[in-house]
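Next come two complexes, and both contain subunit A; in the first it sits with subunit B, in the second with subunit C.
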Partner chain A sequence: MQDQIAGGGILHRRSLLKAAGAGVAAGFLVPVRATEDWMTHAGEVQSEYGSPSKFARLKREQIGGHTFGPEAGSSSSPLQDLNGTITPNSLHFERHHSGIPAIDPSKHKLTIFGDVARTLQFNYEDLLSYPMETHLYFLECSGNSRRNSLARPLDLSAGSLNGLLSGSEWTGVPLHYLLDEAGVKNESRWIIAEGADAAGLTRSVPIKMALDNVMVALYQNGEPLRPAQGYPMRLFVPGCEGNISVKWLQSLKVQKTPGYTRDETAKYTDLLENGKAKMFSLKMGVKSVITSPSGKMQLRRKGVYEISGLAWSGNGAVRAVEVSADGGKSWAEAIFQSEPRPLALTRFRIPWRWHGQKAVLQSRATDDKGNVQPSRDSAIAGYSLAGFYHYNGMQSWGVSEQGMVKNVFV
Partner chain B sequence: MQDQIAGGGILHRRSLLKAAGAGVAAGFLVPVRATEDWMTHAGEVQSEYGSPSKFARLKREQIGGHTFGPEAGSSSSPLQDLNGTITPNSLHFERHHSGIPAIDPSKHKLTIFGDVARTLQFNYEDLLSYPMETHLYFLECSGNSRRNSLARPLDLSAGSLNGLLSGSEWTGVPLHYLLDEAGVKNESRWIIAEGADAAGLTRSVPIKMALDNVMVALYQNGEPLRPAQGYPMRLFVPGCEGNISVKWLQSLKVQKTPGYTRDETAKYTDLLENGKAKMFSLKMGVKSVITSPSGKMQLRRKGVYEISGLAWSGNGAVRAVEVSADGGKSWAEAIFQSEPRPLALTRFRIPWRWHGQKAVLQSRATDDKGNVQPSRDSAIAGYSLAGFYHYNGMQSWGVSEQGMVKNVFV
Partner chain C sequence: MFSFKGIALILVNLLFLSANSTSGLDEETTLGHILKPGLGQLVINFAGSIVSADGSGLPAGSGTVVEGKSVYGKHCAACNGIDGQLPGNQLAGGIGSLATGRPLKTVGSYWPYATTLFDYIARAMPYNQEKMLSADETYAVTAYVLRLNSILDDEARLDEKTLPQIKMPNQDGFIELIK
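Moving on to the complex of A and B:
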């Protein structure tokens, strides 16, 4: 056990190979060529627009509980089935307040009005002629993981609990180009963005943020936005709660005050224990989640596993992720599997030996501003459990002696 | 015209806003809310696995001309419809030699044998327990753009001509872990990789390369590989011609010499004018292509456009891209829209004013090893036009006074 660097089986990265080799590969002589069906005849021909293997069983999980019907629902990315940092567009999480509109881009316009020198209107073709920028960014719903603030842990998968989170390469027109052209008046402080869905979702964005790194996004992971993600255009506010990145963007009103809209007063505020509510908690906190091993999984053999997970922060880049296998008694620093980038998902990993012991797996992220992900207890302290958002407490996965992995509170 | 920095209408980046504003946005008072159908009723509900807008009309183009039937065919990414640097998995280019096998991962094995201390066999679950790495990489078929070496230019789109090229985030197990475990013998120099398709495609990889940055790829853009891209596993050799990244990887044989297989002797060699053929030209050269404006497009108005394109190199990162609008008489340096990364696609852009003049748009990439993309004439010099690969000459798009954009040779 001299390669163990923290309790519960966490291993040093250099000890990995021997350990893994002993655990997962057996040496013996074998026939080399496959004799399976697929080498005996030609396969399918190429397609216009491809699809995944049926064996991969990839799907988003629909999250119920919305009293207004399925159009006011959400579906989560299956984090436990994914690796890397990109979420394919077909598996990006969804949250709609009145379903997905089928917008014809030739009939859609974006209007910039209010406290501006010139009211401007852009159609889709206009925007395609503007300079664009391209960045990897995460997007997280402010309600992500909030079910871990309930009194008892739900026995669900990583994706079901934490999958209102996705990562994409976003491409669009920096908003400052359009605002400069409209001529924002000096005393303006907020921009009110409205979507063209039946819910008319409307949010207020501080103008300082809008002039910094906000874009009118037109492409996601290379292709034009999907309808479920705001086709033909959405506001994209990096690092902030998902719904402020208003989908199906149709207007931006410049003014002195916030809009105090339904979606930032009656909803999406953080209710405190003292009965007051925090508003405009826009930036998502530093956070991480182990995606494998994770809830509902079954370890099928003893030996070495890679603990793999995602970390991110609305404040900047992730600086470090620590992992514990003994419920927080000891910690070891994980390895970055992908390059940590500002406001983007980072993939971490660390080897772990499981010899049948009970274990509690946890991860704890620190960002480059020095923010440290809180425990569950710290994350919920001071909030009313009746309705708060922005939960970023640590996710704990209990492993039984039989190898069952389950959401636990420690 | 004082903002013009090269002939044919290429503009300085700082002059852009005013120019673009004058060209594409008109200021007038407008009603703010959409009155279209989509705001009057709830839209579609969320789905398990999403799809793009029908209005986006996204599809790969099937490239014909394969005498063995459609299973030995290819389809290209529609570069003219994409932006950013990622290609969605559904639009990644395809090239199959005997169709796409529908492999059940529970019945698939990877065998490492030959000059090794231990023959090893891995199933899919085994590999999932190994440490992984995640990188953005391009993949290009060695036959990409070769139709530009024909005697006359074909009037085709950017994707049809140059779209055997895609970019993805690839995640997999570094091959050196598996080779170390098998114990490669000292005198070994090559690894022979074979796929489990009916064609049994087989290629030889220098062992120095295999121990460097080659991986057994398991995930592409976050999700398990698609069947068309090698599910459940493919070799991935960054920066090299596509077919050496053997799909449906089933065996790796370690030996002293190359395999001299069909796919590196009868095919995929570069025939020279003198009748000899170059073999193992594995690395793809420095290259770029303007994707908009591009072939088959019609400029619908006079004014400012963004010239947008992709650049890449099998030797490292792209250092600079120059753009010409007057057929190479004058050049201006383009702006990087995405961060240039080694062996990955880089998106460039530059503003261009079109006032109805005839123009020839070209781009020329330089990589961080100092390699410069050649002209078409230089790219084909010395090769037999009967069958060479690795064409990396400049793509020229002619613009007529009527705004039609067309593939031209200059």
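Moving on to the complex of A and C:
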């Protein structure tokens, strides 16, 4: 076919525009008379806090709880049902270590102590008076997509497999404002952040990062943080594994050494085949995933489809995304649907014609530091089978001749 | 209108300005600097509850393996199993297994510092009754979990001085990517 620019049916970007043109012309034939129930009487009254259409109710996938209890569990964003780059607050992924605390902000304080000139406490109202910054950032759990590192592919949706990932507009006080006020001593190298939840989750942040782009986040997508995201305040460490952006932030201890807390030693470390483990592998690697067509979907017609997906990198901005429909034999560069920004989700797309052929859809992102997303084989090479974090291998979706889309390993 | 106090606050804040933001947003202000309200309240004698590997942050107290066995039986065994052997949640065993085909990560085989165990029990255990244990009980149950891993003997007692001196079997098993 003349429009095809890569194997398996990948089309030139203009192809779909032509197809859409035909659709608009047909649109003029639709009658304008009211024929549906909602056109003939008043609808619902306005509400205090809105909710989605009952025809578009989306759900997070619940991913099992810890053996201790269901409160120590997680839920993933339904990536396959969303478009754009912002995850609605109600659908942002969650991971808690002892449930979601109901914190009264008038009883919550943030204390900065340790190697500082002045130990200072900030209450919530006071922090609202500070100058803030607003940025689009992704947040990804370092255990995201981990199940694709297992021996066999699980037949699950894009969100279930890769949805410990969300994108938001985060607003908060740059941490260096508060650290400057407390007066950080010269020899300090680390800041230990502690949450006020029952788990008291605690992580160490290198001071270089803390003085650069870390914030005490107070708003997410324009509204005060939801309790599940750290209300009244959380640390936000852009580009890094989600666990380090400590929710319900209550103290920051400045010191020369890391805290070597349980979550950065026993848990969020990456065990290698040789028995050694990487510690403080904080930054999330360059990664992408096709969200449509994706796992558990069924193609119901032959014709042109829009391949759509998300790309991101903890090292900077996404520079390019390539898409393959023939399992990696040939590739074509996708179009950016959204402007690529540093440490934020980028939406890509490319048209694809399906005429009933078997296909394997893959995407491969490259960031502006030159990092290229690895294949699954490269991503797991050298790591222990005991489970590790930071899996960023390519996601492959197999399409059958019947149009069933399924997670596959290539 | 500016009060004298307000001007003084602004002047004080100008002394603590930061020029190292990389966001590029600071530069857009006409004054060249962002004014901050300086509302942090001075606190003295704030101890916090963060225990580090050198033992800083440890409270005074002590506990024995024998006492720890009793605390463990009451508050820990239901979730972590008798002798820390509940499959999927094992606290003990697996020492030397990390480079094999069946690696088992436990306190004994994986955790680099014993102080971390104290810190974690003190802040996050027992699940759903967090922070109920006294400092003495926390030292005791820490000692017991280390005994289960044959790192301490039956007669051992731990306190804020002896705990940081314990060398864990896997202390040198980590590659620290940031120093």
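Some points to look at:
Throughout what follows, the second predicted complex is superposed on the first by the 396 of 410 C-alpha atoms of A that agree within 3 Å, B and C clash if a C-alpha of one lies under 4 Å from a C-alpha of the other, contacts with A are read in each partner's own complex, and residues count from 1 in each chain.
Rule of thumb we're sticking to: a residue touches a chain if its C-beta (ideal position, glycine included) is under 8 Å from a C-beta of that chain, and two chains touch if they have at least 3 such contacts.
Everything quoted here is computed from the prediction, not taken from an experiment.
When the two complexes are overlaid on their common chain A, residue A:Q255 makes contact with subunit C while staying clear of subunit B. By the touch criterion defined above, A:T87 lies against subunit B but remains apart from subunit C after alignment on the C-alpha atoms of chain A.
Counted by residues of subunit A touched, the larger count belongs to B, out of subunit B and subunit C. Once the two complexes are overlaid on the shared chain, A:Q402 sits clear of subunit B and of subunit C alike. Once the two complexes are laid over each other on the shared chain, residue contacts for A:F113 go to subunit B and to subunit C alike. After overlaying the two complexes on the shared chain, residue contacts for A:N221 are found with subunit B alone; subunit C is out of touch. Applying the stated contact rule after C-alpha superposition, one finds that A:E273 touches subunit C and leaves subunit B untouched. When the shared chain is aligned, no partner comes close enough to touch A:N186: not subunit B, not subunit C. When the two complexes are overlaid on their common chain A, residue A:T67 makes contact with subunit C while staying clear of subunit B. When both complexes are overlaid on chain A, the residue A:H96 reaches subunit B alone and has no touch with subunit C.
Counting contacts by the rule stated earlier, residues 69, 71, 98, 111, 113, 118-122, 126, 129-131, 133, 135, 177-178, 180-181, 194, 198, 200, 251, 253 of subunit A appear in both its interface with subunit B and its interface with subunit C. The part of subunit B that touches subunit A in the complex is made up of residues 13, 16-17, 20-21, 23-30, 32-34, 36, 38-56, 58-60, 62, 69-71, 73-75, 81-92, 94, 96, 98-109, 111, 113, 118-122, 125-126, 129-135, 167, 169-171, 177-178, 180-181, 194, 196-198, 200, 218-219, 221-228, 231-232, 248, 250-251, 253, 300, 303-306, 308, 335, 337-338, 347, 349, 351. Subunit A makes touch with subunit C in their complex at residues 67-69, 71-72, 97-98, 111-114, 118-123, 126-127, 129-131, 133, 135, 174, 176-178, 180-183, 192, 194, 198-202, 206, 211-213, 251, 253, 255, 257, 259-262, 265-266, 269, 271, 273-282, 384-386. By the touch criterion stated above, subunit C contacts subunit A in their complex at residues 13, 16-18, 20-23, 25, 34-44, 46, 48-54, 56, 79, 86, 88-89, 98-99, 101, 103-105, 107, 110-113, 115-117, 119-120, 123-124, 127-128, 130-131, 173-178.
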